[in-house]
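Two complexes are shown next, each including subunit A; its partner changes from subunit B in the first to subunit C in the second.
Our next item is the complex of A and B:
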């Protein structure tokens, strides 16, 4: 079980809880503003862009090539960007805070 | 152009040789030639570079075949570049995300159920004209938030709003759509409601109230952009399942894979082959000189089979977990109707999986696009089948 917080642009901080699936699915299921996940999590739409806290980035891990290719062409990309459809919900991310990019 | 392959479920990659050797292809289109960008990374980069590869050219010019000869109204936001484009998307995005809401999905389900029921009760039917077209048209009433009885008019127009049997660009047919939209806008001005016409007429974008011409531009895009693309996606999916019925059964048994399955079908079919841009300066693509004011195309269909990105690109694989296809375009101008299209296809595929035991092909007339040196199967002109219920 992991509890995480999404900092949204329009709806403040949203705390959600889950034990499996992707972080995008968890966010979408809880109506987190700015996480659309249009493609259902196959890394095709880039509508689930988040920033990982710098201190957590190593633990979460960097994007693989296909994901980083998508992010490279996003106007709001930073070195801490990830598409959260590619992050699994697990104990490893318990307690983390993610900032929603859009 | 029409022909028939042995397998209706197969959609060959028309661009492989050219993509792997040159990365770029050429075609003429009404004496306004097009350099076609074929590789996925190049397509995405060009799509993102809207300053050099613009959409806001002469109305109709970025469409292939060009609609310059039959259209003066600028389609919005599709033929508008950033930053002006952003204001239109900000207005339109929430409206076009309504398919994520439960009441919308319930209404959509009713339309899907009725369409499948009718098909199962028929001895045989043409999936293009008697299933996909009515389904697309009825579902469009939800997107426009307008009365269901409007759909019959749109069904009567046929499968493509600009094309007829005689011509890829039928100006008279296009005028039927333009006159219809003008008339609907006038009706909405006289009697405002909560449909898309009225919402747009009351809207402010970039600090200004939308003009009738701008509203018309949005409505033309909504009608034209989601018509043959959605019809192709529906028809091609049924063609695929007709020869892969075990995949339909798998979706019934594992409904949680439906999103992946739909994304993969859309990648494989690429219902829209390509979209153009106009170069604003002399530049280069794949070491090929591109002259200012010449056209390029972003060839989604080719990019979706790029062997550098997709393992076994010519196979339909519902277990493809990472699937960065560009069937809905990429970057600023990604498809406004994608949420509606995805929702329709997800609910349709799940419903077919629960209700249909077999799909027998009786006759298929494939729609082959002739694009310069390339010939690409994009869908069907007609597809006669017999469905059996579970």
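Our next item is the complex of A and C:
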């Protein structure tokens, strides 16, 4: 079980809770603003862009090649960018805060 | 009284429109209507995730709670039977009338089932249909059941398009024997080049799919629990069940009856307005003029559904025009990720760039203008192609052909 917070541009902080699936699915299920997940979670659209906190980045891990290529479609990409459809919900991310990029 | 925005069709286009309209500040009612009783879901996973998962589950576009939170009224399992543009009211099959201030038609397409002799007698002992389209969650669930209960897992797919091929890939992963029958001499011949068609042909053959091209299905015969797909040249392919993926018919009847301009799709302008100023249309059922390609186009894609939804919402809520979009598509088959940006029709030069055998891209040009990139396991090519097409910059072809030069922005040159 993981409780995480999404910092959104329009709705402030949104706390959500889940135990499986991807972080994008969890965000979409809770209607987190700015996480569209248009492609349904197959790393094809870059509409679930988040920033991981620098201190958590090592634990979450860096993007794989396809994901980091796809991130280049977004002008707001930083070294802490991830597409959250590629992050699994697990105990490992419990308590983390993610900033929604768009 | 509150103004009411009514949306007919709650799939990718309709649902995204409703959420976007609310986000853009529309204060009135928003009513979403769909004849499908299921909570609106992603369609692309139907041929992949839904078939392959141990239990058939849909991937909802939004959680049920999100509709309530955004004050969106969801009317599922309801069919709209008529639009009255003058009185600005629609009629539901149950007899109810709903008035609208703005109406959005997002009715999409249905699977086209060709009139093949014997197709509608393709049933099992209990009388259940054993021929299917792949369009709705109910379709995917029924196909999954048919596969699980079939004796020999023998599947014939009529039509070698994306739907057929993605389904073939899923069936193979579930241990089925798959035959794909295609009318043209190549699979995907109407939408891609010979290079991509040949690659996918080899891929499916390697995985054990029997690909039969230049074959016209003329009849389905039925004997001892098998359905025999008979082709014009006399060849026969036995099946436990049949998947039909030969194209779509546009759901434009409501629009036509309402007197809207329809010509191979509901004609819309840059902000998705139809020939009636308060009626809009978005998604697969529409045709619009592309300034990028300088012609009228109709797109069947999630991207177009979502972008048109955003564009119509922005105009209705704020009277503003959104940015023009570049078409993109994807298709996942086996371990291969095919990503496409742009439209290749009208190309006069083609450059194939091979990073490895499993990673390559096809670049379509008309003279010096890049029209389209099809990338296989090469998101770098896809992203670079997107940037070139979107920014209308040209690509240095000699650097592109030289695989020693990495795919990067150095290949783009301002004109």
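The working rule: the second predicted complex is superposed on the first by the 102 of 102 C-alpha atoms of A that agree within 3 Å, B and C clash if a C-alpha of one lies under 4 Å from a C-alpha of the other, contacts with A are read in each partner's own complex, and residues count from 1 in each chain.
Convention: a residue touches a chain if its C-beta (ideal position, glycine included) is under 8 Å from a C-beta of that chain, and two chains touch if they have at least 3 such contacts.
Computed from a prediction, not measured in an experiment: that's the story for all the values here.
Trainee: For the overlay on subunit A, clash or fit between subunit B and subunit C?
Mentor: clash
Trainee: Which partner, subunit B or subunit C, is in contact with more residues of subunit A?
Mentor: Of subunit B and subunit C, the partner in contact with more residues of subunit A is C.
Trainee: Looking at A:69 after the superposition, I want to know if it touches subunit B, subunit C, both of them or none. Which is it: first, second, both, neither?
Mentor: both
Trainee: If you stack the two complexes on chain A, which partner ends up touching A:10: first (subunit B), second (subunit C), both, or neither?
Mentor: In the superposed model, A:10 contacts subunit C only, not subunit B.
Trainee: A:36 in the overlay: touching subunit B, subunit C, both, or neither? Say first, second, both or neither.
Mentor: In the superposition, A:36 touches subunit B and subunit C alike.
Trainee: Of all the subunit A residues, which ones make contact with subunit B and with subunit C?
Mentor: On subunit A, the residues that contact subunit B in one structure and subunit C in the other are 36, 38-45, 66, 69-70, 73.
Trainee: Could you please specify the touching residues of subunit B with respect to subunit A in the complex?
Mentor: These residues of subunit B touch subunit A: 41, 44-45, 48, 97, 259-260, 262-263, 309, 320-326, 328, 330-331, 334, 338-339, 342.
Trainee: What residues of subunit A sit close enough to touch subunit B in their complex?
Mentor: It is residues 36, 38-45, 66-67, 69-70, 73, 86 of subunit A that touch subunit B.
Trainee: Where on subunit A is subunit C touching in the complex?
Mentor: 10, 25, 28-31, 33, 36, 38-45, 65-66, 69-70, 72-73
Trainee: Help me check something: in the complex, which residues belonging to subunit C touch subunit A?
Mentor: So the residues of subunit C touching subunit A come out as 12, 16, 23, 42, 44-45, 49, 59-63, 65-66, 69-70, 302-303, 306, 330, 332, 337, 339, 377, 379-380, 382-383, 386-387.
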